[in-house]
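What follows is a single structure, written as structure tokens, with notes after it.
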């Protein structure tokens, strides 16, 4: 057990933070870009569209992340001729999965907005699309912030799973260090603590955004 | 077609499942007229009003707004709705927008006015309903019920509609706020705004209506000027409805 | 033996191991969750801090890190757990922590009046908890618990990193031997989807049964 090298390797583990961040933010971003339109479509369109979209959601929510990672990394991407790095593959897969979860979040938020808002929009002569874009989506976005912060926390933990296809985030590096030094407990604990800290900071950020976008006077839940 | 008829409603029918909401309703509204619709709950009043701007699609019947038949399926309904002002019982102000933006949004997004034009019209409408600039940047949740409903009226009014429809405008208000809203409606009616008001406030109806329409079980059972209805109601139900709600009538 | 028969036979063996893990972990995590949840609501200062500490830690740590610490990390301290039991411990702690959140929420959603009525009848605290609070908690926590169990079915795949020969490890092995990735992983995905569909159905039935009472 080589304790001296361990200390030298610590910065190496901390560097992984950048990769972890890339995974989470990339996944969250792609998820948002997919999830908002899909959630909106599921709330407002016909049953055939709903059905197809629900199939996508069901597949990406129910399949274990690790199966999706391997499926895309070893199967799908090579077969369509794409040679993507583990990092990019992971971001895409995390994004597709988060998109499925986020579409459910936005669907719930849109459905919770009372019908009167849309009726009023129609009464002014707005078309369905105008009403959705100007009236319901802005409100839904704000309602969704707590659920989105939860999604961020989940994504951060899922990012650690990407170590199985070799992305150089904190856990992978911790594993490398543990093999190099023969010490397992400390590197893994450190990786865990780094991830927990990232979660904590992220949640605080979301909470601040939530507070700053409060609609004055409106009591939550009413 | 009489040239100053703003609204012509012919034989409207509407069923929800097995229950009949409208059972052959017809009437006509002239420019500047104030029509008040009264009747017990479930008589179809709200359904009728919502059919007039096609928030509810009637099963049968035709409606003309001026010369345009709005029940024609080929019509662009959004263009029609701009010309009809609708005030909801529950206000339905947009939660996430300030008072000013609530009134401006229709002007900007639907009528495509430039911001400064919209601002002017919004300020005009808001002052007509008696709200000054101290409230412009407040959000609906910070207002009293009476203020909210007045903003809702301003929002509809700012669009320069040819007719204003009020769906039980004071039913959701605490008693102390009812008057300020009725005052606004009264003022607009006196200024010649063509209006249809659905209400339970019989005294108010008798005071400002050019014609009162009495509905029961989806039908118009009687209609006429307030004085006629009071002195010579044709229908027993009319008398019942008036007496139940009008305090000094015996 | 051709690819498919070989693969499927091994897959079934892996499935057996997965089911063994789940059958033990799920009840254990529910019990842990309820204990932690009630401890966080009714416990004194010490119990509250310990249970909240456990719950926060294992919800904050990714499951995969927990598993690695329990298997490799504890080995540093000369505590040797088998892959199988390390997985069960990991799932119990992680799942239990999440369930304790749902339980805590469920207890707190039961109005004051219930407890007051119980005490007005003369029940002591323990009776109040057992006869009034607990039954209602079971019903209210059910959606959260079933949600968590579905997560556990998905994340059971992670135990392969500490060497458990469950479904995913079979897939990984066959992938490195045959490289028929799409077929292998799509089949595995399908197996998990099936397991989750069954679990969801079971929970719907339980929910309906409880609604009638």
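In order of appearance the chains are A, B and C, and numbering begins at 1 in each one.
Please note the rule applied: a contact is a pair of C-beta atoms (placed from the backbone, for glycine too) under 8 Å apart; a residue touches a chain by one contact, two chains touch by 3 or more.
It should be emphasised that the depicted structure is a prediction, and the values quoted were computed from it without experimental measurement.
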Considering A-C alongside A-B, which chain pair is linked by more C-beta pairs in contact?
A-C
Determine the chain that sits nearest the middle of the structure, using the mean of its CA atoms as its centre.
A
Work out the mean Cα position per chain and let me know which chain is farthest from chain C.
B
Rounded Å distance between chain B and chain C, as computed from the means of their C-alpha atoms:
56
Using the average of all C-alpha atoms in each chain as its centre, how far is it in Å between chain A and chain B?
46
If you average the CA atoms of chain A and of chain C, how far apart do the two points sit, in angstrom?
22
What residues in chain B touch two or more of the other chains?
none
Contacts from chain B onto chain A in the complex sit at residues 53, 55, 78-86, 88, 90-96, 105-106, 109-111, 138-143, 152, 155-156, 159
Quick check: in the complex, which residue numbers of chain A touch chain B?
116-117, 119-127, 130, 134-135, 138-139, 142, 215-219
Sites on chain C touched by chain A in the complex:
60-66, 68-69, 72-77, 150, 154-158, 161, 168, 171-172, 175, 179, 181-182, 184-186, 188-189, 192-193, 196-197
Considering only the defined contacts, which chain A positions touch chain C in the complex?
1, 58-59, 62-68, 70-71, 74-76, 78-79, 156-158, 160-161, 163-164, 171, 175, 178, 183-186, 188-189, 191-192, 195-196, 199-200
